[in-house]
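Each structure below appears as C-alpha cells.
Heads up, the next two complexes both have chain A, just with different partners, chain B and then chain C.
Let's look at the complex of A and B:
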C-alpha cells in the first residue's frame, strides 16, 4: 500500500467513525475541530480501536501520545506507516 | 488441573503461601493502637501515617485499597490510626459531608446506600464524635435501632431481627452508644445484655464469641470492653487474667487461643486492649513491642506478622491459579489455603486470624478446585448457613450487611466447591435480595454481570441469558469491557464480562479480548488499565493470565472469581 493509498484508507475509516465525509484537503485539519461533538477523548479511543482492527497495527495508549498521533488523518496515517515500517524491519531480522 | 501461567511477580512467603506487596489497613490500625496501649510507637511512624492517608478518596472517606469507593470500615481504621500517631485527618470538611450519607434505617451502613449494620454504626459513631467532634443527630432513632438488634432481651445481634447474638455485636452496640450519648442510659435491656456477655466466660477462664464457642483473645477483648461500656465487669477477672497469661509466648506476644502457637498483630492488640480495661493499664512489655514493630513493611504500613512469613489467601489463591502445571510449589500453596480455614470460623480468612471472608473463600475454593482439591465442605456448608442475613443476602463476613458481590459470591462458592446450594442456602430469600438489588442498583457492568450469573445459578436461565447479552453494551473498540458504556476497558470489568458471557451462554468475542490483553500485558504481568505501564500485582496478574488462557483456547471457562 502506497502512502497515498494508506491516507485514503485512513480518511475513509475516520469518515465512517465521524459519520461525515472528509476530503483530502482536510487531512491536516484537527479532527477535534471538524467533529467537536464526536471526536472527544472517547472518540479518539473509538478511532484507535478501528485503526487497530482495519490496519493490523497495535497502538500503545501511553507511549504513542494520542493527542498528537491521532489529531488528524495525516497524523494517523503517518503513525500507521511508521508502525508498518517497524514491523517490516523486525520481521526481516527474525 | 486448570491453571494459567502468570509472571514471576508473586511474593512467596516462608509460611508456604504468598502475599500481596501492599501493607494492610486493619493490621496497621491494630499495630499502632496496640503499641499505643503498650506505651510505644512504630519504628517508622511517618511511613504508616503516609500509607493510611493515601487511602483517602476525594469524598473525604477512606477505602480499603486505592481506587475503591470509601467505606466507614476503612475510614475508622485510617482516621483512628492518624489520631494515635498525632497526625491531622486531611480533608475534614469532605469527610464531614460524607459521613451523614451513611445514615440508614436509624443506624449507619458501611457505605452510602447500604443497609445499617452494627459494625458500621459503631465505626460511624466513633468517627463522628472522636475524629470530627460532631454529635450524631437523632439519638432516639439510633437508640431504637440499637435496641432492635438485641435478641430476646439478652445478647445483641448484627442487625435488627438477627437471632445470632455475638459478643462482637454487643461490643459494637454498647460502645457506639457510649460514643454518641456519653453516660446516658444504654437503650438495651442492660441486665440481660450483661448477663449474656458474662455467660460467655468458659470454665477455662477465657471468653468465647457465642454460646459454646472456644475461648480466644479477640472475644476476651470485645467482651471486657462491652461489659465496661455497660458499667460491668466479667464474672471471673482473675480467671481471665490467668487464661491470658497462659497465652504468652516465649519470644514475646501472645497466641490467640490455646494451642495456636504463634503471635500476630491482632492477638497482641486484643490482649493489650483487654488488660488496659481489666487492669487499668498495660505493664511494660518490651518483647511484645519489638515483636509488633517487626510487622511493619519497610516504608509502609503493617501486615499481621513478619512480612516474610505473612501469606494472605487472595495472593496465595492467585499464585495457585497461576502456577504452571506440575509446579512443585503447588503443594505448599494448597496446604496454606486449606489451613486458612481456621478452627472456629469455617470459612477462609484473608489473613489467618481475622474473620473469614466470602470473597477470599471463593478464591480459595476456585484455586483448590483447579488442582482437584477442596476445603472442608461440611464446615463450609455450616458457615454459609450462618452467614446469610435476614434480608436473604450475604455480607463480606459474619455480621456485615448484605451486598450484591458477596451474595453472588456465596452462590458461586457453593457452585465452585460442589455444595448443594438448595439445601444450604435459603434460595428463595436470596432471589428476593437479588431482585431487590436489581431494582435498586444503577445499571453497571459488574452489577449486571453478577445478577446474570446469580439468575443462571438460580435456574432463571432465560433471564440470565438476556442480561448476559447486554454485556455488549460495555464492550468497546479497544476490546474487552469497561465499567461504564463507552469507557476505557479494564481488566476487572473484562473478567466479569467474559465470565458472564461464558457461563450464561452468550457470545464471547475472543478476538476483541486478545486485542485488549495485548494492551494490558506489561513487563512480567498485567495492568488493571491499558493506560497504566505498571504490573498491578498478583491478583491482576492472575486474572490477566486466566483471560489469556481463555483467549488462547486453553481454558474453556474462567473460574468464578470476584473482587
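Let's look at the complex of A and C:
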C-alpha cells in the first residue's frame, strides 16, 4: 500500500466513523474541528479501535500521544505508516 | 458539587445532561460516612495515591477524587482519555484508579505504564461495564483488585461486587432492602442512612431506584436491568425521552424511538429509530442529531425495518 493509498484508506475509515465525507484537502485539518460533536475524547478512542482493527496495528497510549497522532487524517496515516515500517524491520530481524 | 441549603450540606447534580438539573443534598456527616465506607471497601490493603478519570462535580468523582484522598492523606491526580496514564501514575506503586467505562479501553492500551506498579485497585461505579472489561482486567500486567460500586447521586453507595463477570451484588453494610427477598424481579428499593434529599424536601426514609433486580438473599441481589428510558453513556445518565423530544421537530408526524445497547467503549449507548421510509425525513433526523451536544448524540439514526430489534 502506497502512502497515498494508506491516506485514502484512513480518510475512508474516519469518514465512516464521523458519518461525514472528508476530502483530501481536509487531511491536515484537526478532526476535532471538523466534527466537534463526534470527535471528542470518546470519538478518538473509537477511532483508535477502528484503526487497530482495519490496519492491523497496535496503538500504545503510553508512547503514541493521541492528541497529536490522532489529530488529523494525515497524522493517523503517518502513525500507521511508521508502525508498519517498524513491524517490517522487526520481522526482518526475526 | 457546591455548598447548599445549609453550610452542613453539599449539593451534587445528577450526572445526566438532559432535562432540568436536579440537585441532591447530603450532609457532611453523610459524605464522611460514605468516605469511610469507601476507604474500608476499596483501600483496606493500603494505597499510596488516587488517579481519577471521574469529574469531581459529580458524587462519585468527588468521593474518589477529593474526599477519599483527603481521608487517607494520599495524593490525587486527575487524568483523561487523551493522556498517557504514565504521567498520572509517576511515583505511585499501589494506586487506586477511579474508572469510568472508557477507562478499560484506555488501560488496555497502556500496559507499559502499569508494569512497574506493585498492585492496583481499580474502582468502577454505577454504569454498565464495557463488554470486554473482564478480559481487560485479566490481561493487566499487575496484580489488580477490582471493586465495582452500585449506587446513584440520590442514594450514594448501595452495593458492591468484585467479579466483573459475576451477577451478584452485596449490599453495603449500612444498607437494607425495603422489600423482603422472594427472588422475583422487581424494582430495587433500599433504606440507607446516606440517602440524599432534594431542596425543600425532607430526607427520604427509603428510595426506589430505577433498577430492576431479583433479591437473592438477605443482603444480595442480581441486577436485571434499568427502566428502559435511561442509559448511562460512559457513566453519564441520559434520559432517552429528552433526546427524542429534541429530535422530534426534525420529523413532524414521524414516530421516533430509542434503543439502548451495549458499547465496547462507553458501556452503553443508544440508537434512534425513525419509523419512516422517507429518506428525506431520515436525513433530517440525522442532521438534527449531529447538532446535539456531544454527550447526547446517538450512535446512529436508523430507519425502522423488519429486522429492527
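Everything that follows uses one rule, which is that the second predicted complex is superposed on the first by the 94 of 94 C-alpha atoms of A that agree within 3 Å, B and C clash if a C-alpha of one lies under 4 Å from a C-alpha of the other, contacts with A are read in each partner's own complex, and residues count from 1 in each chain.
Note that contacts are C-beta pairs under 8 Å (C-beta built on N, C-alpha and C of every residue); 3 or more make two chains touch, one makes a residue touch a chain.
Since the structure is predicted, the reported quantities are computational estimates derived from the model, not experimental observations.
Participant: Quick one: on chain A, after the overlay, do chain B and chain C clash, or do they fit? Just give me the call.
Facilitator: clash
Participant: Quick one: classify A:40 as touching chain B (first), chain C (second), both or neither.
Facilitator: Once the two structures are laid over each other on A, A:40 reaches chain C alone.
Participant: Pick one for A:14: touches chain B only (first), chain C only (second), both, or neither.
Facilitator: neither
Participant: Chain A residues in contact: does chain B have more, or chain C?
Facilitator: Result: the larger residue contact count on chain A belongs to C.
Participant: Quick check for you: in the superposed arrangement, does A:62 touch first (chain B), second (chain C), both or neither?
Facilitator: After superposing on A, A:62 lies in contact with both chain B and chain C.
Participant: Please indicate which partner A:76 is in contact with in the superposed arrangement: first for chain B, second for chain C, both, or neither.
Facilitator: neither
Participant: In the superposed arrangement, which partner chain does A:50 touch: chain B (first), chain C (second), both, or neither?
Facilitator: first
Participant: Does any part of chain A touch chain B in one structure and chain C in the other, and if so which residues?
Facilitator: Overlap of chain B and chain C footprints on chain A: residues 42, 45-46, 48-49, 58, 60-62.
Participant: Which residues of chain C touch chain A in their complex?
Facilitator: Those in contact with chain A are residues 80-82, 84-86, 102, 105-106, 109-113, 234, 264-266, 286, 290-294, 297, 300.
Participant: Looking at the complex, which residues from chain B come into contact with chain A?
Facilitator: Per the touch definition, chain B meets chain A at residues 476-479, 486-488, 515, 518-519, 530-533.
Participant: Once bound in the complex, which stretches of chain A touch chain B?
Facilitator: 42, 45-46, 48-50, 52-53, 58, 60-62
Participant: Which part of chain A faces chain C closely enough to touch in the complex?
Facilitator: Contact set of chain A toward chain C: 19-20, 36-38, 40-42, 44-46, 48-49, 58-63, 65-67.
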